[in-house]
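Let me begin by handing over the structure; questions about it come next.
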Amino acid sequence: MAVQDATSEVLVDTLERSLRNRRIAKHVGIFLTLTLLWELGSRMGWLDPLFYPRPSNIIRSFWLIYFQNANVWFHLYSTISLVIIGWVLGSMLGIGLGALVGFNTVIRRFLKPYVIVLEATPRIAVAPLLIAALGFGVNSKLAIIMLVCFFAPFINTLSGVINVNEERLELFRSMRASKTQILRKLVLPDAIPVIMAGERLALTAALSGALVAEFIQRDKGIGSLILVYTRNLNMASAFACIFTLTIIGFLIFKGMEKLDHYIAYWKYEGGRERMSSKRKRTMVEP
Amino acid sequence: MSVSDQPIPLSGRILDIGVRFLPHFVLFAVIIGAWEISVATGLITSIIIPRPSAIWSAIVELYITEGTIYRHFFITLTEAVVGFAIGAGVAVSLAIASSLWDPFRRYVTPYAVVLNVTPGIALTPVIIAWFGYGMGSKIALAAIISFFPIFVNTLTGLVQVDEDREELFNSLGASNVQVFRKLRAPAALPLMFAGFKIGLTTALIGAVVAEFAQATDGVGVLMSRFSFQLNMAASLATLLSMTVIGLILFYSMEFLDDRIVFWRRESRRAAASRARARTWAAQAKK
Amino acid sequence: QDTVISVIKPTPRSAVFFPLVVGEALGYFEDEGITVNLLPSDTSIPYVAFIQNGQADLAMLDPNETINAINAGANINTVYEVMQNAPEGIAVLAGGEYTSMDDLVGTTVGLVSDRDRAFLQAALDITGHSIDDVQTVVLGESGPTLAAAIRDGNVSAISGSVFDWAALVANGIEIDTVTPEELLASPANTLAMNADMIEEKREAMEGFFRAWSKGMHVGATNPDAVEAMLRAAVPEEWEVEAAGMGLFQGVLPMNISTTERMGDLQADVWTSVQPRMLSSGAIKNVVDVSTFLNDTYIDAANDFDKAQVEAAAAAWLEAN
Amino acid sequence: MVKHEQSMAAAGDVVVSGLNVGKTFAAGTVVALENANFDIKRGSFVSLVGPSGCGKSTLLRLVSGLIEPTSGEIEVHGTPVNGPRADISMMFQKATLLDWRTSLENVLLPTEINGTPSKADKNRALDLLKLVGLEDFAFSFPAQLSGGMQQRVALARLLQTGADILLLDEPFGALDEFTREHLNTELMRIVAEVRATAIFVTHNITEAIFLADQVVVMTSRPGRMAKIINVDLERPRPLSIQTSVEFNKLVEDVRETLGAV
Amino acid sequence: MVKHEQSMAAAGDVVVSGLNVGKTFAAGTVVALENANFDIKRGSFVSLVGPSGCGKSTLLRLVSGLIEPTSGEIEVHGTPVNGPRADISMMFQKATLLDWRTSLENVLLPTEINGTPSKADKNRALDLLKLVGLEDFAFSFPAQLSGGMQQRVALARLLQTGADILLLDEPFGALDEFTREHLNTELMRIVAEVRATAIFVTHNITEAIFLADQVVVMTSRPGRMAKIINVDLERPRPLSIQTSVEFNKLVEDVRETLGAV
């Protein structure tokens, strides 16, 4: 039942292989050629400049919005802080609810139909409703972000708790462990990797949620800036904003990977070695 | 790592369902009752949460007496399905090409990853600019954001085949085409369908979000209109139609998954087993 | 401690409503002890609800919305007219085959948003047609979509507003308007507030509108200063020089009152537009304008030394 | 061992005893174990051998108190079993280590569950890891160990409980033949060293005889104790004993019982 | 069997032979197999026994043509091996059946890979399923079969290829002891019936001897053939032969070789 990020090892593996030393030059070459063709196409009038801004203009826009006018920072700050706060709150809610439901079979049974309905509804679509109901401001934006990002941690925590290994459970019971000990020493640590997978999805969803919220509540944020630019037919700057989001998305991806290495250390060779020597030190010193 | 989710079984005899769901109905009735009373007594403002009875009359009006929802319903459904079909078609073709041809995979991967880390939602204004005001832009956004999970899952399924099975095929002297047709393709089906299910959900989100941004018809724009008129009851009734679309899409895919990837579930296996025995008997008679 | 005035309106700070930017640049809002909290929102948000439940102090409404809200029993007053002529209009490609409303019959007309349908309907009514004589399609606010639709002839005309075609013009798409004269004389983007708050918020509101009016006055007397202020405050509109300029020139006259008192409420115009709105179905009932037009702040809003404002603007331009 | 056949233990010596023990599952439709009677002497090593599904695991789980018998009664140290107890400890076919804990921390788990481990507990855990030959891997995580090493950690954890009755359910069944043979030899040495009573489940006849003082042969449908065979081979036993004539007689005996019933 | 020790086959009888065969992996850093010389007679059953990593699977894969030797040469039926060939067929520890095919369709896979199966092919597949005792499960899917039954299907598939040289890499290693013993007996019967030459890899000494005409004992680091032991026990062999004195002598011999080197 758990949901997982759609970034497969196969892809990451291929990516790493394709970005290896000599190959990266080839990739950059291809990329530059494509960009140049685009630029040329635009200059020669093959590409409609209304829709396809020139790469050179996009670069200029980057310069403008980041340095010359420096107007993007304010919006970036707004979006990112909102995403992080909403993500933390939403996933706390999700994990808490998931654990609660996971442990209580009665609640679980009664909640199931609602979960199915919630799962089938495009949750992001509730955004206009929430803004209308909760009014303008940070609250309704946060509510949207929480709504879109609570689900993955919820489902994954739930499945982590439910799918606890039978044999390990038997081991704990044979050692006469209490319910809280089983929860603390077995169920929660065991569920961490799958919860982390949910968290990664949640953070990505949070960014999308923030954007939709900003499309509707246009006071600030990258989403609203993109709208201003497209409205003004300034596609180059709209693209600069979108590429900014690509970078943020990439940072989220990498950041969550790091976090996973740190929290679910036992899944990774490097993490195991790090913790192994760390525990040795703490054991030997005192 | 790849995407997966387990199907929710939808079987059971009518009587059985009646008995099993009775407590659920009771609980549902209690919740609705409490809700109605708290709105009626002013405990909750009806602007934020309308009365269940108001929602019910909105449902009756939209779905039965006026029937206005259906046009929008089918438009959104079409957008999601066509978008999904295009996204899935491109994703599966690219995944097949990538699995067969390693250099291709290396050159496609970086772009697929870039597309993945960019929040698809952010492209909404640009997509509308590019594909215009008709259904095209909704379909395009649906296709773009459903592309990645399908691509990744299919590629993973095609590439990560069991090594022992691969060795078996090699030892039998199978050609590449045979390995693909008889091993890789069927082995990839379960993951591919898991990707399809996620892709369908995201396609619906894409269609609805694009409708929020701009549309003449569709449940997304209908919902915006209702919430603009502060008609929260009708707005929620429209949201319900999105849930229905979501459920229709999910269970249709579930149905296909169940028949095509029949070997995962006992009941389907037994049916397939009987069918093949019959075919054999028929052929033997000839 | 400044008083916060929250205003819900469709756009963030922009040339479109430059008096706000000017007032802020010259510190007039500050002088009045006011901080403006802008709540730019998609038009799918029910603005009226926001002033009713206190989320916003002022809401920028169309006449349609205003009358509909009054009809729905909302307890609101319209207190200031930001624009006294409709920025709305119906645009066609300059030098193209469509040159009047009559030409549009039987064609597809683009709407920038749902709200523009009422305006198109009124325009068709006045010229002796009906909304059923044309096909409509919502184009959305995306500049390229609008541009391509009209340039490529997918729509014969676009029903939208000055701001929408400023960007088109800047991108080399020349347009003409075929808007019936009668429709131009219409209040637009008026500010409304909760009627119960009129006295309670008097001081702050008077200050707010005074600062706004001062901004308007700078626009009337020193457009160069306004332009410079806009370049500094909303650089994103000026990244493409021609677009910025086009927009500014388009909206400059819209933001300058034609009445004696700036921002004054034109009761006769409100009365005269209603039958048309009624016949086109945009509103359900005609409303007596005295029930919601409330000019109690207008005198205070105009109570300032114009020469001083002109001097301040000139000084600002000098300094920056 | 099996009461109705031969009673060979004085009352004082018996640490585990069962009287007419039966267990059914699925509301009585599956009879996992029927009418089992047994006495196990202090310090003895008992092997349970029998085909899949004959109730070996069920018997072990009954003794450990993880499940309750449907009929009959089990006594340990003279008191009826009614739940997991401190003087009994169990080990499974899979190592069931916790991936996020080092070997040492895994071994310390039973102690942690009874309270905060003291310095002495930690030293004992380290000693046990030495006993199973893993002193160099105290700070390694399970994923860094081979299957055989993981089972050694599980064995150390079993001993850390301090229980004097050890229940082993095919502990090395998932390992390859040579590793298994090696670990069996170690197990024999360690169990003797800590003077524990052991009940050992296996499918492997040779292994069952090699380790045990008594071999209980079980048959299935319904699960029953078919025969108890005393293994009177001197200890310590070298591996080569497996090719001796006496040993092979015992093998024949067990095989016959399995085939016959 | 091992040339430099004893040459026991006339040239005409030899179906598989290796001369100084060596294989390294990881650019020569891992020596999987060193200097292997062997001749295998038509119709003989050869067991390869040795610890994990001694190169048993590597040797099998070399013979099957799945990998190429780093040095030396392998000949089958007098021609050098350079790729998978029709007269050799291989079976693995896992059944590696295709989940989406019935038993019958799985058995037909090798035929399909060579072309469209004819009516006769299908009947042959059914016969083979009968031979392995699965005639009632021809239309069952792998998930509906037990582990042992899955291996039987794999065995039928192996025979369906029509190859007369069968390579078996721990084919029943993942099954429990009793099932394994049973399948070994069947395997012996079937291989004799189809008159195939078999090379059988196992960790289990008893099993290796029980099945084989010759047991090749391998040792590791680097992988080498340490000794070849002829098993001169009469056939058919009942299970009870395992407790006989001659048999246990052979066990001792193998164990010594494994321990000594």
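In order of appearance the chains are A, B, C, D and E, and numbering begins at 1 in each one.
Basically, a residue touches a chain if its C-beta (ideal position, glycine included) is under 8 Å from a C-beta of that chain, and two chains touch if they have at least 3 such contacts.
A quick note: this is a predicted structure, and the numbers were derived from the prediction, not measured.
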Minimum number of chain-to-chain touching steps separating chain A from chain D: 1
Distance-maximising chain from chain E - centres being C-alpha averages: C
CA centroid of chain B to CA centroid of chain D, Å: 51
Whole-Å separation of chain centres (CA-atom averages), chain B against chain E: 48
Chain C-chain E separation of Cα centroids, rounded to whole Å: 87
Chain B residues counted as touching two or more neighbouring chains: 47, 125, 128-130, 212-213, 224, 227-228, 230
For chain A, residues that touch 2 or more chains besides their own: 50-51, 128, 131-132, 215-216, 227, 230, 235
Touch-based graph of the chains, sorted into line, ring, star, complete or other: other
Which chain pairs touch, all of them: A-B, A-C, A-D, B-C, B-E, D-E
Residues of chain C touching chain A in the complex: 6, 8, 10-12, 14, 38-42, 44-46, 49-50, 53, 55-56, 141-144, 147-148, 151, 167-168, 170-171, 235-237, 239-240, 243, 247
Of all residues in chain D, those that touch chain E in their complex: 51-52, 173, 176-179, 202-206, 239-240, 242-245, 248-249, 251-252, 255, 258
Residue numbers on chain B that touch chain C, as the complex places them: 45, 47, 125, 128-130, 132-134, 212-216, 221, 224-225, 227-230
Chain A-facing residues of chain D, complex: 64-66, 83-86, 88-90, 92, 94, 96, 98-100, 102, 104-105, 109-110, 112-114, 122, 138-144, 161
Residue ranges of chain A touching chain B (in the complex, touch as defined): 1-11, 14-15, 17-19, 23, 27, 30, 50-51, 110, 113, 116-117, 119-122, 124-129, 131-134, 197, 204, 207-208, 211-212, 215-216, 222-223, 226-227, 230, 235, 238-239, 241-242, 245-246, 249-250, 252-253
